[in-house]
Amino acid sequence: MYVEIVFHGRGGQGGVTAANILAGAAVREGKWSQSFPHFGAERRGAPVRAYARISDKPILRHSQIKTADIAVVLDHELFDLVDIPGSVKDNGVIVVNAPRDFSVDLKEGQSLFCVNAMEIARELKLFVAGWPVVNTSMLGALVKASPVVSLDSILAEIKSYWPGKPGELNAEAAKRAYENTVRCI
Amino acid sequence: MPVKLRDFPRTHFNMPGNAACPGCPETMGLRYVKMALGDKAVLVIPAGCSSVIQGISPKSGINFPILNIVFAAAASAAAGMKAGFEMLGRDDVQVVVWAGDGGTADIGLQAMSGAAERGDDIIYICVDNEAYMNTGIQRSGATPYGAWTTTTWTGKKEHKKNVPFIMIAHDVPYVATASVGYPQDFIEKLRKAATVKGFKYIHLHAPCPVGWRFDPGLTPEIAQLAVKTGMWPLFEYHNGKLKISSFSRLYRVKEKRVPLKEYLKLQGRFRHLKDSDVKILEEYIDRLWAWLDLLEKAPNPSGTARDLLGK
Amino acid sequence: MSNVNVEEPKSLFIAPVSKPAPGSVGKTGTWRHEKPVINEEKCVKCLLCWLYCPEDTILRREDDMVYVDYDYCKGCGICAKVCPVNAIDMVPEG
Amino acid sequence: MLLTWFQRGDDGMVVKTLTGNKAVAHAVKAARVKVVAAYPITPQTTIVETLADMIEHGEMNAKMIRVESEHSALAATLGAAAAGARSFTATSSHGLLLMHEVVWWTAGARIPVVMSVVTRAIGPPWNIHVDHNDIWDQRDSGWIISIAENNQEVFDLTLQAFRISEDPRVYLPMIVGLDGFILSHTVAPVDIPDQEKIDQWLPPRRQPYVITPESGVVMGNLAADEDYYMMRYSIQTAMVEAKKVISEVDDEYGEVFGRKYGGLVECFHCDGSKYNIVIAGSWSGDAKEAVLKLRDEGYSVGVLRVRYFRPWPDEEIRRLLSTSKGVLFIDRSISFGGKGHLLTEAMTNLAESTNLPAVRGVIAGLGGVDVGADEFYELTKSFIDEVEENGPFYDPLYWHIPQVYRGKYPERLPGYGKFSYERR
């Protein structure tokens, strides 16, 4: 098993944190992992990327990920700014935070999974500095779309990342997202 | 507490047979540091005359343990040493920087400013011979107006950088000026500094016979004339309060000051000065004292702020 | 309490370390052109020469009468200049 | 192969997913460092941040000096170490260059300290990405210089650095390199051994002298030229001794903590391989992947990963040159007007070699240009195929031009064409 995942988000949305949590969750399962930000200047609100690798063998490579197996898109409007289908393989999976009726052109063979993480954040009153928190929800959505790690590992890692109440809340968001993620294309 | 010469033991305060020039003010100053701080001090010495004065390994002509260090890093190396001693439970060790005016006013200013701002618990002594003497008398930021050096052949065109004032602006607990012409005053100030926690700065005026072009027997006299002409006021700034030291108090009054020419005429470096240059220096002295006057009369905001910081 | 061990190096080790000692550049008495000679009859034992001597070559006897360490005295003449009773003469040498 | 040590939670090992920089901080904490002095610079900054956090929250009993420059950072580190405290600093790129004077001073003083160098390009133009010119720039200074491949090795090397530099046969400061962003900001699993076990393994600080009121030691005053010369000779002696110490420490560490890397170099299928890549740093893993693929295709090829640039692995390189038909050097640095650093160093071992292998020196990845396993595969394959087809050659300056510029610039510069041995 060897999977590469790219997280598309905006600066400040927590894409890097999501990638780190995913890497931690993989280690909980005895897998090997890496996560890293896109190494460039970051500005709040601008499109940014983070990456993760998960494997059942030690990961040797440290080079950048050009086309991933899975893309997690923290904001569906990024499709207008970034070539998201081009960032994943031809048979790749894209998981997007979007309303249920969201539609977009993909490459032949790619599939799209949708979840409305904004709605979950609002339901749970999960805001940080006025921003709805979607990154943890999208981890739930990711493992529903493709079980690269188990939901339990994600939840455990979230709770250890933010001990106490914030962890509980973020874990709940991930769980709800897991339950509500559907294939839309 | 007045310094009684008879009380000092009959030991070496400096190691004779070192590489200092005859009449050197730095070895004079180093003796006073030893007299004041005794055997609990280690020195940090950046590049300068005092690196050379120590002489040749495996002996050293300065009677202290020393960390010699690169030119720009004296204060930071001392800060590190102090931290090391603290972490090893050795709070009794005084870490003392002994740096020249180049190593303080110019290349070492940044490191010193950093240590002062952090409040590192060290004594920083700038031994000021008013030029880069070690490399052969080049002007420094601390060279006074008009002085001949080998990089200002017709006299320096700018005034001396006032490092003690810069250090007062850092709001450190102790700043003082001293002179090798007044050893007791210097020793007292060192002893006081040793009781103060935090960053202590003492600026020691140190006339250099070689660089200033005077008879080496005159080092103390020239140093005293700098004070008596008002050119080098002795003062102490402790916890936000500035006080003119006793040896300088008389010269607060302009008329009481020894005429500046008495100081200048003994030094070859000022031989070329015109009357107009002397006037510029006299005005510098007046301005210096006006500043001191302001600081002396000023309320004591620093003391209050420091109390609030709990220092 | 210190938990550092100064341990002898176990390879050929030459470090740039020294210890304070007299004569780090030799017998600097040879630098002199004039030597200070103390007139013990005039001396009032004020110790100013001892205080101002840059070289630490004015030494004190038990009774605080001063004498000169000619091995190292560089002959700067400060002692003679600071003496308030002119008890020190600078005498030309060799 | 699963991460088995993770499941061995009972024996006190803790697996964390950490960035390379956090791995450094954890190793520094585990080594019970007493004084940290550092100045922020990308991509080193999170080392300082993490240590400040640990110290302020009482997880680590140390004093942090937040200096105003890197020059001061190492000076303060040296000062603390001279007083007898185990001390540490970290920097990158321009910070390291600003510090350079004190780098030499520290080694000359023979005072062991440990410094992380998070490798980064040197400007202008500003560039914060990985490049080895900053770390190799310190090669002449008398520091032991190591460089890690992954975050686990970052932790292990940093911990070992205290042991190695404080060994009485060595008494030299040590740099641990880790690639900027590629390791410093990448999260990966790191096994942190039990503190008790670390305390048992890492002895209390040892150093040749301390500068204290009691010791009376004066460090660094003038010395006769002849004495200066012999002090330099002594540093070289210590470097030779360090080779033994490094290998011993690697063995011991392997026994105690279960991870052994091979000492000065890591030999990845390099023994007996006809062709070998010589490389250092994080992208060695990509080269290994390329090699695995090539081996699957029947090529006899391996990787010799340089873990220590100083002391230079003379014996290992000599052996490699003696037994290889071709050696491909991959340098993430260039000595302008000269060649890549790994190649330059290795060529000094050629006179000791019993064989004259084909050599190509590739300059690649400067300023963080990404070079992955696929590209290493292509580079290695074409090198081997060329040698097999045309016989051995010497091609020391082959510029692996970035994809977007490929074809627009020559890969071999005028005067540095391939030099075929037959023509000689």
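The first chain written gets the first letter, and so on, giving A, B, C and D; residue counts start at 1 in each chain.
In this text, contacts are C-beta pairs under 8 Å (C-beta built on N, C-alpha and C of every residue); 3 or more make two chains touch, one makes a residue touch a chain.
This structure is a prediction, so every number in the text was calculated from the model and none was measured.
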{"item": "Maximum centroid distance from chain B, chain identifier (CA atoms)", "value": "A"}
{"item": "Where chain A and chain C are represented by their mean Cα positions, the distance between them in whole Å", "value": "77"}
{"item": "Rounded Å distance, chain B centre to chain D centre (Cα mean)", "value": "44"}
{"item": "Centre-to-centre distance between chain B and chain A (centres being mean Cα positions), rounded to whole Å", "value": "62"}
{"item": "For chain B paired with chain C, centre-to-centre distance based on mean C-alpha positions, whole Å", "value": "22"}
{"item": "Per-residue multi-chain contacts in chain D, two or more chains", "value": "84-85, 215-221, 223, 227"}
{"item": "Contacts with two or more other chains, residues of chain B listed in rising order", "value": "19, 54-57, 60, 62, 64-65, 88, 90"}
{"item": "Which pairs of chains touch, using the document's own definition", "value": "A-D, B-C, B-D, C-D"}
{"item": "Footprint of chain A on chain D - complex, ascending", "value": "1-4, 6-7, 15, 17, 128-129, 150, 179, 181-183, 185-189, 282-283, 285-286, 288-289, 368, 370-373"}
{"item": "In the complex, chain B residues that touch chain D", "value": "19, 39-42, 44, 51-52, 54-57, 60, 62, 64-70, 72-73, 75-88, 90, 93, 110-111, 113-114, 117-118, 120"}
{"item": "Chain C partner contacts - residues on chain B that touch it in the complex", "value": "5-6, 10, 12-28, 31, 54-65, 88-90, 183, 209, 215-221"}
{"item": "Contact set on chain D toward chain C in their complex", "value": "84-85, 108-110, 167-171, 204-210, 215-221, 223, 227-228, 230-231, 233-234, 237-238, 241"}
{"item": "Touching residues on chain C, where the partner in the complex is chain D", "value": "2-20, 24"}
